[in-house]
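The structure under discussion is supplied below as structure tokens; questions concerning it will follow.
Naming follows writing order (A, B and C), and every chain is counted from residue 1.
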Amino acid sequence: MKERIGIFLCECGPNIAEKIDLDKVKEALEHLPNVVIVARHKLFCSLQGKEFLKESIKENNLTRFVIAACSPKQHELTFMIVAEDAGMNPHLFQMANIREQCAWIIEDKDEATKKAILYIKAAYKRVIYHESLDKKEIVANPDVLVIGGGIAGIEASLALAGPDRKVYLIEKTESLGGKIKEFDEVFISFKNGQSIIDERLERIEKEDNIETRLQAEVIDVKGFLGNFIVIVKTGDSEEKIQVGAIIVAIGFELINLSQLKGYGSLDCDDIYTGLEFEKMKKEGKITTKSGSVPKSVGIIHCIGRNEVGYCSGVCCLSSIKFSKYIQDKLPGTNIFEFYRDLTLPDKAYQKFYENIENKGVNFIQADDIKIANEKGLKIKYNKNKSTQPVDMIILSPAYVPAKDSNSLAEMLRIPRDDSGFFTEEHPKLAPVNTSAEGIFIIGCAQGPKSIKDSISQAHAAAGKILASIIPGKKLEPEVRISYINEAFCIGCQKCLNTCNYGAIYFDNLKFISIVNEVLCHGCGNCIASCNSSAIQLKHFKDIQMHQEIIEILR
Amino acid sequence: MNKKIKINKSVETGLKELLISLLESRKIKAVFTLERNKDAVYYSLITDLEKVDQASPFLPFMPANGGKLLSKLTDIKSISEPIAAVIHPCELAAFIELIKKQQGSLDNLLIISSVCPGVMPINNISETNLDEKIKKYFESAKNSNIPTGLRENCEICSRIIPTNADIIINLMDKDIDNSFELYINSEKAEKFLGDENGEILDSDFDFANNTFPQNIKDIISQKEKNRIAVNEKYKFDQLGMDGLIDLFGKCIGCHSCGGVCPICYCELCDFDSAEHEYKKNVLKSDLNSRAGVRLPPNTILYQLGRLNHISTSCVGCGMCTDVCPVDIPVGMIFSSIGNSVQELFKYIPGENLEEANPITVYKKEELTNFED
Amino acid sequence: MDGVILKAQNNDFNKGIKSFLLSGLKNGVFDSFILSMQVPAKDSYAWILTYDEGLVKSSTPISPIMTVQGARALKSLRTGTPTQKIAVVMRPCEMRAVIELSKLNQINLNDLILISYDCPGTLPIKNYLEDPEKGEEVFNKILLDWDDKNIRETCKLCDKVSVQEEKTFQSDLHITTLGIEQNNFAIISNSEKGIEILNELKLEIKNLSSRDEPVKKIIETRRKNRENSRKELIPQLIGLDALSEFFSKCINCKVCRSVCPICYCRQCYFSSEKVKYSMEDYLLQASTRGNMKFLPSLLFQVGRMTHMSLSCVNCGACEDACPMDIKVGQAFSYVGDNVQKLFDYLPGRSFEEPLPLSVYREEEFKEIEN
């Protein structure tokens, strides 16, 4: 059959039309072999545009087409659907991005036009080598694995579990609840932390569809959205758990004080971290080591903030909460809060702070704070210019990533930022997603967060999962996947190591690697690892890419 | 036909001027020929006139078999605009053999070749007195002598006439420094050449039909004598297994001979495929029957297999010998055995594009002496 | 370092090694061998797998030339070994390639006992072939005096000639002659398996500190050689123009790749259909530059470099085989050294070190991000 190729030029409103001479472009393309139509439209992604495209494909009996418009990230799917509607295989077209890569970035109209022609010709050259690819459907597992049994993990589990969806909640310690258990009172309700957890534990108890594993850890993860295979180790026994999505909620730790230099003697008696102080308060006995009631307490914010390079955001509030504890329990004790900046962004926080300050807490903005132990504890600040003797010191150290985050990142192959917290896919648009589809990060695993924010994130991730993996509904896996030419495979198994999805296995009889078509995500990592290119990616075959590149370099 | 153009220039200058004029008049788009840059020599596709002027079409070297290169360039898609290629007769023969195997196309190629005096081993290109040597080479050719210092294979090659070329240049001509003749050997050539290129004369010779000057005939018969002597040395039935082991014992199995061979066109050689990997059980039984096995295995099998695959088409270009890292005279062995196989079938590789490779046709009357 | 001292009458190390191997056969620590052996025409050496006492006796474990790089020979046992305790005697650079190939699943080490030896270098094949008999003589002298006049250029620059405290290559046992008393040689264990074998043989383990100095000295000399030769080499490699010039003689025969132990692909990408273009595509390139070389070899050279330089063991097989006498081995070794440094990786240093490109590390190359 003779090829009949169409080329469609999108004006994208004024975006492309004003910056590129589309008549000239049209002229340059019309004579290309097998091109039967070159047509333009104001906006191909509009209803009329799509209709026009569909009719043009049908009328001209097109076998392939190129559409010169925006980024394929934006509208490739749109045009795939149009192609399908027109009775064509959705992979027999190619987009040329003449908006972001030409119109928007080149001032000179002639230059932009020239580049656009080049890109469209490249897409034309490439589309000739495109092949029809057929759709597939796979069953998706609706179950979810939640790693971390703190407040975020618990909330997510409760939101997700239901009659047709099981949740596996993995906690490495011997009990659920995480750090909140230690908090005597939780802002702003001043409820007891343990009681907040207990309420939820009760619900978990009643929920048949949450399976909890305590003192457990994840040791291996394979697969992708809809089909993860996770190996969980509880004590000495290992089990294989199959889920459709994974939520990482492993929380945080406080920075190790022994790492910190420049704060003077942090290891003296009567110096406590916030968490230690919460515990003391919970036990109901706020005393110095010698057993006496402290007459003065210094609370120091921002411990380690310089070292970690970020503001943990939640410690100001808890530090002020400590002042309230002391005012309530030990009226008459002098309280000094040393801070660098106060971070009190929420609608209720400012009032709370003003209230405490009015009750007599001394808020001192200070730099270069040092603790000295010279005949009792002293807080020196502002380059030793001022000194405040106190009986007890409470520190608010920076939040840092949980210890397991490194190994978990490697296992899940999700990125972390410079501080070591997991990175969300997009800080605004996809705040709980990761670069790996089906893996979510919530709570302090992603960075310091208040309890409130952690809970919001838990619900956000749960919502995403509920919307994407609906029990009984099949997923359409990627069809642009890799395949291995058996004759050329030498069996080195490098591809096995680079596959993020565990989609390649080794055939011990034939001594070659084989791609599992369902698991393959079409990321292309294996192709990069195969020196002899025994692996190719459908729709991104060497010849398809080469032809495009050669044309661009023309 | 049977026309020639006489050009009153030295052969190299004259040919280059002709090529430039063809480029200028857009009759051809590019020239495929040898370039030399210090001690590097390579085939090049040239579009720039000045670079054609600096090319070395008759440099007596073969860095790669030009037929193999042309096949790689034309087997995906034949050429749409004319290109002139200056190659040696054995390269043309290899190209034709490859075309018979659907590995290329002559479309739009204007093949220019010469009555070939031979080429030198490729590593001689770095020799300090090279220019002197080349001068001597042309001097010998001009005087109808076989130049010294040729590839071993060239010394026994009697197929020095590029019968299928469109244009043939006789390098064994006394007058070559002052004037030379272009023999128009195809209808295609007639389309490219006209009296603007020089005086068109009737030719006394018809290279395609085996009529050519006496001096060339003499060289051919001399080379045939050389070949017979070598053929005796590598007579297959006399060699036996011991003889083969002596010849190929040093082979390190790098398969480079196959890599540069124009006739070895397979994408993946059978002997590099999984089929030929040593399987554990085979190894075990080999070890039991022989007490010792050589690793990697199949050293001789590879050579025999390759002989089997290519001998009807071997053009004796000698590329294999040039690259053999352990100095096995691969080209001499293959050419010699190939020659006897070809004689058996009365087949000359590259002689006639229409003639099918003998192993692809069944003839009832063939090799009856092997039947019982 | 400690080890076992054994006799080698008349400083015939080959003979000494063979009797050690045969005693191992008798004791059951070895059941077969892979050794270098002269071919019948006496003009080269080949690897042989055997359990036969006679064949072992006529083998030459330390041979004067590197024909097939040992790792390539072992690769032919990819699908399985016929016996379980195969003693393999090979040079350090061959061992290193063996380790690299084992990481690429091309060699299964389970059934192999790797025995390396103090390697003074080997003769260039071409020189040896001119007069094999003389070659034997020359080499036997080198085995004793370690004079590097006649060995391959790449060997002169090799500092991984023997084991020392700082580990540079992995094997199970190592045969050492440097700094050992006349008519003796020693065997050092270079792995857990090696220790077990020496224990099993119940040989007396002695202190071998006498070899420290000579080993150190030879390593220093080699490193100095390398430094000096690189002063000349580096300017020839830096920049595209220099590199093009360096490989200008290349005729694209790809012998370098064919003999390379690390180039293990069934089919090289650079020989595949995937890098084949039509005349039209080439014509385009030719018309922008005026001419286009066939086939462009720089892409092949640089491409191969990208593929194998992390594992390049500087064995020099490529340079020895190059018909155009390009210093390809030295160039690859220079690039390899630098790339390996980036990853703090030394090919063949240990069984365990994973190939840098096959592992994902959170903390790697942070400076290149963003």
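Note that in this section contacts are C-beta pairs under 8 Å (C-beta built on N, C-alpha and C of every residue); 3 or more make two chains touch, one makes a residue touch a chain.
In this text, all values refer to a predicted model and were calculated from it rather than measured experimentally.
Chain closest to the overall centre, judged by the mean of its C-alpha atoms against the mean of all protein C-alpha atoms: C. Chain pairs A-B and B-C differ in how many C-beta pairs they share in contact, with the greater number at B-C. The distance from the centre of subunit A to the centre of subunit C, each centre being the mean of the chain's C-alpha atoms, comes to 46 Å.
Subunit A and subunit B have Cα centroids separated by 62 Å. The geometric centre of subunit B is 36 Å away from that of subunit C, both derived from CA atoms. Residue positions of subunit A touching 2 or more other chains, listed in rising order: 487-488, 511. Under the contact definition stated at the top, the residues of subunit C that touch 2 or more other chains are 78-79, 266-267, 272, 277.
Across the assembly, subunit B contributes residues 268, 273-274, 277 that each touch 2 or more other chains. Touching subunit B in their complex are the following residues of subunit C: 32, 34, 39-41, 43-44, 46-52, 54-55, 67-68, 72-83, 125-126, 129, 248-249, 251-255, 258-259, 266-267, 271-273, 276-280, 282-283, 286-287, 289-295, 320-325.
On subunit B, the positions that touch subunit A within their shared complex are 268, 273-274, 277. Subunit B makes touch with subunit C in their complex at residues 29-30, 32, 35, 37-40, 42-48, 50-51, 63-64, 69, 72-77, 79-81, 83, 122-123, 125-126, 242, 245-246, 249-250, 252-256, 259-260, 267-268, 272-274, 277-280, 283-284, 287, 291-297, 299, 319, 322-327. Interface residues of subunit A facing subunit B in the complex, by the touch rule stated above, are 486-488, 510-512.
Interface residues of subunit C, counted against subunit A in their complex, comprise 78-79, 104-106, 264-269, 272, 274, 277, 281, 284, 307-308, 355, 357-362, 366.
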